[in-house]
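You will see two complexes here that share chain A, one where it goes with chain B and one where it goes with chain C.
This part shows the complex of A and B:
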């Protein structure tokens, strides 16, 4: 009887809601609410898209979402019979039988695994776990993890050398390269790399390692950018050269020709310093490769893989066939593999003057001289590997949970290997595909991912030319963990992600047709639900602060200056930056107004994981956290800092760098913290 | 039981009515894949002067591709003339130019394919010319305009709502502009030819449907480009063009991805002239073709891979056949956002380096902006060669570069214009259109834009804006 009554009331409530939203005043209210949130008046009144698909936890979230594998990088067994695939979201190493095209083994590894290497005898696998700061050594005979090596922060690319007695690990977050003795499993040395290094390649003679990097090197504000390719001598284990790739960033991977005379890295050539007024003519992004002659004083030539009116966005990996004739570049934002004829590239290098070669870097038409095919793939092609005999290229389709197999003779996809991920595409997954694909920008020139790699930010300051051409330059903001911190955009004009990615987004950013509403809903669902910050293992691995961080925290929560004067409440750090997100979600004037800004107040940014989010301030003028106060705040507008000693400022910055994801601070009571840190 | 029987009988009756109605309605409408074209009495036109193509006495004919030559259905029986058919993206309507009587102006009409009804869309005081559907609820067409000050007459492009409201001019240069097609990226492809100060060569320009960002898409040494070009899924664009020396007109193809450097001439080795090309697949197209021994232009199948004419689709000695289109749904191009603000009276123009040209660098120090009647002033370049201008909207200007002695270094350029609030850029003068800009901050944008026409009492450079680095 009780059950029946409950059921009756439940049905009644549903009927009332349905009727209410269909004809009653509730419908009018709902319409007003949707109009406000989306900033348009024709977005469908669909409660589910906003209130169901954006659920981040609990039963509903589990029900509507799915756990995908997301293959990222891969390796082939020396005999070509097995393929080893790093499942980035599945936190697993998958083994595939290349004859049956079936997954035959799944080994659990660490969080967000990045790269896998296989020993020459095919008995061991090395997997770098980027969010665990470890490398696992796996016995492929038993599928057991035999050793765990502690690395620097964010292990990514790896190289085995010196008869596999030495392992080089690229620490992508801490900008270093760790050198391990595999006999002792001890770290022997640590070298300084470029900014956000990721990919690594060993020269065919085993003498050199090239490390690619993603983020730009320190440079004068609003001047041309560059990144570093770090060159290491494997004998001396020293950095012998820091090759500079001018006007480029986000170089994900590098590869050598079999002859070893050329190393080729993928890259993006952004146009962030130019007003983005003529997307028709590549005024936003171009994509290509850096061809580096490895000889002493060798030339570095940048060549585009794009063509007029069509772009190959977000190049990720490059593989060169064992015969050295072809290079394959995965364009993860365009879902294509670009095939480059290296003989033609060599001819171009031999025939062209240095002035011509310089111009090629900005010439969309020149790719017709060396690109011989563009092969369409499934969603988001990432890592690639050639089979030992060079007959096939295996491509990890990250957002398709499949591996495509390209025949290097016919240049067609010969077969596709299903990794066994969920078959249904959830709303958030659809949004993630949209986020990573350039199909929603004019001529597919850039994806959301391009400026927000790994859904963070690319560290560049853009001139979007919303008004005028030299005004309102903006520092790219992270999209990680932003579900609760509206408003959005530096000027705070967007009350929701729906508005942020809506009509004006298409007018001034994507410059093409706006997202269809179901696509927009999916994109928002992904952004709201899907994006965690990586753990802050570099500055706060355990949650326990260091002494310096603890002193810095005291300064963060202080209410009085060193000489005992009370700091006005509005000018205390914690007032505008309260946990858990370390933002009060309001617009504030911190004295950062530039003559070229059209607004005085700016959205208070969240501070979680800000240690690797430079440059800082709305226009990115502060390259470091220190510069915010030492160079750009002379009137105590951005908190009171003028009374601080240098050590105190350093301590405060150490504390800021220790900040982790918002969830860690969910239960922090600000008043108690203030009381605690201001007790006599 | 009785009730059940009755329900079944009624159900069957209703179903029969629906099916019968459907079949009847379908029998009268051109089937998917039908070819519609403009059929013109041979005596009515001089093919060599077919642009602009307002064919007196023409009508729209529908033929089945597999039908016998000469058989067709007149889709516009109530019109004295009808031409330029354009199929809507859903293949339910055909846009065309028509005149009900011989003395009527040519207006834009729309034919409902299902019931053959027509409705007039424009009511212009000058005859309308080339027409196309735009993504969204507007169409574009061309018509004659005369500049009030100079008296220069040209054909400009206009857009209008499907209900005939909100007419807007979108091109503003002394060119004869005719619409060719809408590219998949949402831009209109324009067949454009300068008429002032002297007659120029015919070119294809690509432009957003709001009239912004017009730029060169394709040009060759052709005397005329005929025919509606069509872009297919394989990103190829087909058209016919006339060799200025031999006067032979051929079918050509360019790639969307490299239009300036990818032309393939399919018919140079076939005698006779080709006036229109309609690709149906990667292998086959329909062409308007006149062999040397024929007195009329017929519709023929053409095999691309073999580069040869096969069988005729419609060939009647009394008629010329042009402008074939295929009645089938096709993917709607992108609907591009509109970023112009009609309340504004000017737009901004940035050149990142006036000394950057296709053939190398030059030594100019300033630019001169030329209007239709007179010079609008000179503007000194910044050290990096950049200039930043605020130009009166919807007004044609040309730019030439000058040295210190005011000698012309390069130019004048093509006519350009900016729409209200448009922000437009280029990377150099007579630039290679395949080049993208170098990633540096152009010095000129650190100052306010120089207002054109230049006030001689003011600085010829923009006034300084305090830079961020100098503020504190």
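This part shows the complex of A and C:
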């Protein structure tokens, strides 16, 4: 009886709400609310699009969302009979029978697995777990994890060498390469890599390893950028060369030709020093490869895979067929695989002058000389592998939960393997596909992902002004865990992600039609619901602070200077950066206004996971956290720090580096923290 | 407190003297020469102590960027040289210079060490710390990193850790965790943050702390202890062998369980239980004014303002340039101290170290490289 009564009242409330919003003053209020949140007056009045699909936890969130597998990288068994797929969000290693095209095994691995390697005898798999700082060694006979190797922060690409007695692991977050002795499972040493290294490839003779990297090297503010390809000698286990790729970033992967004379890496060439209005003229972001001659003092030539008026955004993986004739590049933002005739590339290198080769890096037409086909795939093609006989290329369609199989002769997709992920496409998943696809930008020049790789930020400074070109340059901000920290944009002008990604987005960034409202709703749902920060395993793995971090926390919450003077409340760290998000969500002046900025205050940024979010300040002028206070705050505008000693500043920065995602600080009471850390 | 102030003043005066000295001494580079057979045979038996001769001098004329050489470090087949005008690298018989425009933090290069693990070269300069790794320079300064201070007097690599002695404390950089620790008077038993030398050995870090003697940091227990001059006298060592000879220490080096401590007032030796002191007036040490020292196995090398001395606990062999010309002398003192029956014999040498104001040394198998305020010289092992 009670149950029936409850149900009746629930239905009654729903009916009242529906009628209320359909007619009368409630509808007017709702319209005003939607207009305010979306900054347009014609967004459909649909409560569900905002309030249902942006649910992050609880029953409703579980009901409307789904757990996808998201295949990321893969490996093929030496006999070609099995395919091993890393399911990045499924946290699993999937085994596929290549004859039946069925998933025959699913082995649970660590969080956010990145890469899988298979031993030459096909008995063992090595899986790097990027968010666990481990590599699992798996017995493929029993599907058991036999060993867990502790790595540096963010293990990604791997290489087995020296008769598989040595394992190289690329630590993508801590910018190193760990070298492990597989007999003892002990780490022998770590070498410094480029910034955010990811991909690794062993030369055919086993003597060298090339490591690609994504983020740019330190450079003078607002000058051309570069990234590093790290070269390691496997005999001495030392870095022998740091090849510089100028005007490029986000080099995800690298591969050798079978002859070993060339190594080819994917890359993006951003034009971030000019106003982004340039997108309308084309050529704001271009995509391609770096062809590196491996001989001493070998040339490095950058070639684009784009064509005039149509770009192949966000290249991820590169695979070269065993005969060395073709290279396949997964253009993950364009949902295509670009096929390159390497014989034609060699011919081009042989016939071109050094000046011509230099110009090719900016020549959209030159790809017609060597790109022989662009093969359409499912959503977001990422990792690829060639079958041992070279007849097939397997492609991980990350946002499609499928593997496509390309015939290397016909250059067509011969078949598709369904990995068994959810069949329905949720609203957030749809938004994620939009986020990763460049189709909504003028001439498909870039996707949201391009500047927000892994939904973080690319570390570049852009001038996104439609007017006042050259003014108001801004540092790309992360999109991770931003659901609760409106307003958005450095000037705080956007009260919601709807506004941020709505009309403004097309006006200043995509220079094409704005997103249709259902697409915009989906994109917002993805951004609001789907993006976690990686765990801060490097600086705060357990939640227990180190001594230095604890001292730094005391400084963060201090109310008085070293000489006992009270710090004005508005100039204390915690006032503007209170947990859990470490932002007061207000506009503040921290003395960072540049001559090229309009006279404005800046949105207080969140500090969660800021350890890997450099450069810092609204225009990215501070390359390190230290520089915020040592170089760019001369009047105690950005908190009171001038009384601090160098070791105190170090401690405070150690604390800031320890900050994790907001969820960890949900129950922190600021007043109690202030009281605790200022007790005599 | 007064004694601390005096101590500090004295330290400042001495540093000024050192810096002025760099510019005051004259130098005439000599051609490659050899010790004559007669002279070689006349060198007394030095036991296990090596003797070097056939000195060759390198100056700006040979391709160095400056004649003021602050430090030298042998790295396999190449020699890395810190000068007042950049870092020079000697490889395959030619010199190549790296300067600020290449990415060096500052042209004044005071100290160099090479990581045995990675091969990376760590360069301490007057304007920050630079890591030189396979052609790529990365600079740490007090403004862009946790480096305590930009004046790096000494840098060493100890496994994955890098330690620096700076004008603002000793710094420890863990290359794996990317964390800096600063040790100074507030958190370590130092009188002031000025540190001058650092070395590692047996899970311990030894820091030559200006006015604070030697600070020992146990890397396992993370505990400090200090070694200071027990007699607290600035001008003389009242009680011999009672501890480090002076609180103003300029260098430390640890090898084979022995800690060698250089000061501007003499040399100290410590085996973990007993201290011994050596002075210019009671031993074969050329001068109490020790700029730098380095132990290599059983032998310690003292770089002084009057030449280069080496000592293995039994015998002294010193090298001194004559006031004029290119010749010099080898001075052998058999026995640790005069009071213990030590006897000295001088042998004329047709070639010598290039200047008596010696600032650094390093070795490879059969060669010794000596940094001086007027040139770099290389000697060959002749005995």
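One rule holds for everything that comes next: the second predicted complex is superposed on the first by the 674 of 680 C-alpha atoms of A that agree within 3 Å, B and C clash if a C-alpha of one lies under 4 Å from a C-alpha of the other, contacts with A are read in each partner's own complex, and residues count from 1 in each chain.
FYI, contacts are C-beta pairs under 8 Å (C-beta built on N, C-alpha and C of every residue); 3 or more make two chains touch, one makes a residue touch a chain.
Not measured: the values here are computed from a predicted model.
Of the two partner chains, chain C is the only one touched by A:192; chain B is not. Applying the stated contact rule after C-alpha superposition, one finds that A:271 touches chain B and leaves chain C untouched.
Of the two partner chains placed by the overlay, only chain B lies in contact with A:513; chain C stays clear of it.
In the overlay built on the shared chain, the residue A:631 is in contact with chain B and with chain C. More chain A residues lie in contact with B than with the other chain of the pair chain B and chain C.
By the touch criterion defined above, A:619 reaches chain B but does not reach chain C. Of the two partner chains placed by superposition, only chain B is touched by A:283; chain C is not.
Once the two complexes are laid over each other on the shared chain, residue contacts for A:538 go to chain C alone; chain B is not touched.
Judged by the document's definition of touching, chain A residues 631 lie at the interface with chain B and also at the interface with chain C.
Interface of chain B with chain A (complex): residues 135, 185-186, 206, 213, 215, 235, 256-262, 334-339, 348, 350, 352, 388, 423-427, 432-442, 445-447, 449, 465-469, 471-472. Residues 221-225, 247, 269-275, 277-278, 280-283, 286, 307-310, 359, 362-366, 368, 442-443, 463, 465, 468-470, 503, 506-508, 511-514, 594-596, 619, 621, 631-632, 634 of chain A touch chain B in their complex. Those residues of chain A whose C-beta lies close enough to touch chain C in the complex are 152, 174, 176, 189-192, 218, 228, 231, 236, 238-242, 538-539, 548, 623-624, 626-627, 630-631, 645-647, 650, 653-654. Listed in rising order, the residues of chain C touching chain A in the complex are 117-120, 131, 133-136, 138, 142-146, 148-149, 160, 168-169, 175-182, 184, 186-187.
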